[in-house]
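Presented below are the structures under discussion, each in the form of structure tokens.
Here come two complexes built around chain A, the first alongside chain B, the second alongside chain C.
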Partner chain A sequence: MSTSVATRKRRRIPLVDRIALIICGLVLAIAVIGPWIAPHDPYAVNLSQRLLGPGPEHWLGTDINGRDVLSRILTGARTTLLATAVVLAVTVVIGVVVGTLAAVGGRVVDEIIMRITDVGLAVPSIVLALGFAVALGPGIGSAIIAVSVSWWPGYVRLIRTVVRETMQSEFVESAVALGVGRRRLILRHVLPNSLDILYVQVTLDVAAVMLVISGLSFIGVGAQVPSAEWGAMIAAAADNVTSGWWALVFPGLAIAITAIAFSLVGDWLRVLRDPTLKQEN
Partner chain B sequence: MKSVLEVDGLTKSYPGASRPAAADVSFKMAEGSALGLVGESGSGKSTTARMIAGLEKPDKGWVVLGGRQIDGLSRRAMQRVRRDMQVVFQDPYSSLNPRMNVEQLVGEGLLVHSIETDRAARRREVERLLGLVGLGHVDLGAYPRSFSGGQRQRLAIARALAVRPKLLICDEPVSSLDVSVQAQVLNLLRDLQSELGLSILFIAHDLAVVRYLCDQVVVMSDGRVVEKGSREQVYGDPQHEYTRDLLAAVPVPDPSHSRRSVTEEK
Partner chain C sequence: MNVARYVARRLLLSGVVFFGLVVLAFVLVTVLPGDPARAAAGRNATAAQVAEARERLGLDDPVLVQFWHYLTNVLQGDLGNSVFTHRAVLADIADVLPSSLELVAAAMLINIVIGVPLGVLAAYRRGRTLDVMARIVALLGATMPVFWLGLLLQLVLSSRLGLFPLYGQLGFGERVPDITGVITIDALLSGDPALFSSALAHLILPALTLAASFIAVIARTVRSSMITSLDADYVTLARATGAGELRVVVRHALRNALVPMSTILGMQLGWMLGVTVLVESTFSRQGIGAYMVDAVLQNDLYAVIGSILVIGVVFIVTNLVVDLVQLWINPRLRDGLAPARPAAPEAVR
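== the complex of A and B ==
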């Protein structure tokens, strides 16, 4: 009887991960419906209500321009998460295409691609973003391009490694022996058995990319100040942190909680995929 | 008699190895026959099979399939040759793509060799092939994970037979299966051989299995062919000492017949 209880318990999602999953769901929901549930106009400047503390009218207070912080966080979720989603979509597609090419394209192609990724990995995204901000003008677009440019080499390397591993498996050799052509071999046999790892990696990267994008907005090369992007909100509030800490702390909490939640879910997926990582407690 | 397969002087060395994995391997296989390539692990039998199947490039020697030299062909040309030569691998747990269902697995050869491009006709052919290997009852949408080892190996055989090959290379096809299931798969291969006039190149370390299935035997040791001949010659009057040792090591299922020991003989 005790074993059956233990089995049932093991199958259940751990409490922390369940909370993290719920938070991720909530954040994603807010990203979609945030502007409609915001109690105030996130951009309405009202100088008579500047820097009000958290209270019944403005739950999370107002910023230096009298804008409702809660409304701005709810609205800004969309900007931050959309930018993150665009970066991840672009880098995953590049990663799968270029990584597969490196894995199956022969030594010369592999060598060329790997040296390019070395360069990409060597340049920090902040520096790249500063460059793009100068070239294209600061804005969320520049931040997206900059982070994508510095993020894709990681996916190329990941996919290259996994595809090379899958190419060694016996069912791939069996497909070759059957007479399956290269294109079908890669599309039907290799890739479907290689891409599972992306679920984990992408979830883990949501947190990391979000932090970089918010960070870029904070230093002023990402989303610009009136925008309700979380990092930009922190940047704008940093000047009056002593007189209105709430305008800085709450967007910061939004970033931290979202990042932690996605990291936890990513870790949970990773353990789910590879049970040997599970810790006994 | 016409030969379906001829290999001559096949040699393969791997970097870092003290001796070639296969050295100067030569034999001929008559059409419709079953040839057993036997030897212990490391004897070079699998390397030889892989070179014949075009999965490994020989350093020297050639492979002639149905009168045509097939080693050193381009990838595309080799792809077409594979219609005449199929392989059944050792481990049916890893040789079937886990993301493809029965219909896709068995029908893939028909598709990639453009034998049956119509989906409905292909499905009928898949059903016929499944019946042929004794899996007539299975769900076409099922995935390999829902089958036992013996069933998976039958699937692998159906998949290989779909393109109607002249030569079927079986690389230790039963060594990873339960003894009770081994017999079923061997019987299936023997039936298929007589029904379809198939030529089978059978790689095994188990002499009893080869004796049951094969009319020709090639014995390999340390990468070299040490003996070849008909089943009767090799089992009845082995010429090479290694073959005699190998035969003496086979357990005899008859309790009244005492087992000869290798050490006693020496």
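== the complex of A and C ==
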């Protein structure tokens, strides 16, 4: 970014990407140990302490119910990130299985799968997720199912494209010429050489999925009150924006910083995988 | 592929996607947990009323028969009734849709006016400060939660600085004649400039909020196709003929970026209509997004599914129109030289 490509040493990670990597690591660590390092009880209502500004006792202030904002952000990281991780795990598995099927299953199978993904992509994920959320009832579980249902078509398309490309390569031709069976060809030769793109796409998608999950919680169909989920915290703070900006600003910053860090790392991985992109970007 | 065959195939594809959308809607209203008869009869209905609703909705029929009824109803514009407003869902949506279309149009305008020049400049000054700054703007737009951005703009620009109205579509006590349903147009038609400027002032913040996450994608698309075309021989040739730099960039290089640009903008139009669910309620606008959020919170199943169908249809139609317009923009498509539409970048999701 700041240094030009020519002067940069080989294999040295650019400063911005290094910072992004550290933030990603920190956020993941907080998702694991957050509840233990929280200075206060994230759920303890204390009406005499309501809407206190940031200070030495409450670094990021308190919310309308007198709960410590910092403790809630630290605790809530787990909810938001775990939900995101489950969505991505589910959609990646569906994507690999169905996408591979589309790529190698012949024209009819391919056509059917592609038209189904068209339907999934014809409705914005947040809208489709609302449909599932209302059918399944509110809750973080429904939100996870809802977002997964709206997210898998993207992975199916990605895997289908990559597997098709791999099928064209010379080593696959050689394997076919050597008489490798179809099943073994796909499982042992094609897939292992296709799936590295997933590291990139999953990292890039962390931000997008997280935004949809917290959006659902903001609307009121994801994580429910009094959960410390970041989107739900913003929704709760929205009603008294003017009297306590900190309860609104800090959970949003948590989302934005996490999203930026994962996006940057995703972009870095993308260039690492395909250095020709460096010229373009 | 000749033009007629291409158009026929494209129409057929749109039909297939629409059919799939109706199947999806049907699954959501009938197959998933929850009793549609109870949903239709209302939360406080007696057992007899629920049984009556079950009979009326044909819920004891075989699934395929039920689907056939559902499909024919949808095709006739019957999306069911809202439990909350006690009106036909389509009539409800027809009332709120103009407000959302106004918001989406304004957001699209902001998107194009900021995103396209940003992409062009970033490509032109590739690797320089301006390019890096454009990247930062794009990154921020794409990663900030839309609903949070809306609240922040409200907090700073409206509440603290008083530059814009806090929420609503018009000031307190202001009314426009109901001509088109689009407030700004109706205000303009009423001939009252103060009313028009009030409507516009109420529109700016929600439109900016809605546009923010889309600017990044269009700027990136324009940038990458501009980079390709700026290096192309015909651009070098145009420069060699002595054409001015502005003319070279706009008339020659940007022209070639029109095809990917129009594809993305077309998709974004449909997506923006969906993202209104995260914007309209915050600004107390009465559009399809706010309608859908209310419906979700009141467990108004038919209203939610009806909104999904309408948003899906808008998306299908805009994409169809964009593809057909591209036949006209891009002559290579007519001759069958260019492949079909490019894949959507993941970021539009």
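To be clear about the criterion, the second predicted complex is superposed on the first by the 269 of 281 C-alpha atoms of A that agree within 3 Å, B and C clash if a C-alpha of one lies under 4 Å from a C-alpha of the other, contacts with A are read in each partner's own complex, and residues count from 1 in each chain.
One rule holds for everything that comes next: a contact is a pair of C-beta atoms (placed from the backbone, for glycine too) under 8 Å apart; a residue touches a chain by one contact, two chains touch by 3 or more.
Computed from a prediction, not measured in an experiment: that's the story for all the values here.
A.B. asks: Looking at the overlay, does A:178 come into contact with chain B only (first), chain C only (second), both, or neither?
C.D. replies: A:178 sits against chain B, while chain C stays out of touch.
A.B. asks: Classify the contacts of A:264 with the two partner chains as first (chain B alone), second (chain C alone), both, or neither.
C.D. replies: second
A.B. asks: A:157 in the overlay: touching chain B, chain C, both, or neither? Say first, second, both or neither.
C.D. replies: Second partner only.
A.B. asks: Is A:196 touching the first partner chain B, the second partner chain C, both, or neither of them?
C.D. replies: So A:196 meets neither chain B nor chain C here.
A.B. asks: Output check: A:165 vs chain B and chain C. Expected answer is one of first, second, both, neither. What do you get?
C.D. replies: Neither: A:165 stays clear of chain B and chain C.
A.B. asks: Between chain B and chain C, which makes contact with more of the residues in chain A?
C.D. replies: Result: the larger residue contact count on chain A belongs to C.
A.B. asks: Looking at A:57 after the superposition, I want to know if it touches chain B, chain C, both of them or none. Which is it: first, second, both, neither?
C.D. replies: A:57 contacts neither chain B nor chain C.
A.B. asks: Tell me which partner A:239 touches in the superposition: chain B (first), chain C (second), both or neither.
C.D. replies: The answer is neither, since A:239 touches no partner chain.
A.B. asks: Do any residues of chain A touch both chain B and chain C, and if so, which are they?
C.D. replies: Shared contact residues on chain A (touching chain B in one complex, chain C in the other): none at all.
A.B. asks: What does chain A use to touch chain C in their complex?
C.D. replies: 1-2, 4, 115-116, 118-119, 121-128, 130-137, 151, 154, 157-158, 161, 201, 204-205, 207-208, 211, 214-215, 218-221, 231, 234-235, 238, 241-242, 245, 248-249, 252, 255-256, 259-260, 263-264, 280
A.B. asks: Within their complex, state which residues of chain B touch chain A.
C.D. replies: 53-55, 75, 79-80, 82-83, 86-87, 89, 91, 94-100, 108-109, 112-113, 156, 159-160, 163
A.B. asks: Which of the residues in chain A come into contact with chain B in the complex?
C.D. replies: 169-171, 173-182, 184, 188-189, 192-193
A.B. asks: Going by the contact rule set out above, which residues of chain C touch chain A in the complex?
C.D. replies: Checking each residue of chain C against chain A gives 13, 16-17, 20-21, 23-25, 28-29, 32-34, 127, 132, 139-140, 142-148, 151-152, 154-155, 159, 224, 227, 270-271, 273-275, 277-278, 281-282, 292-293, 295-297, 299-301, 304-305, 307-308, 311-312, 315-316, 343-344, 346-347, 349.
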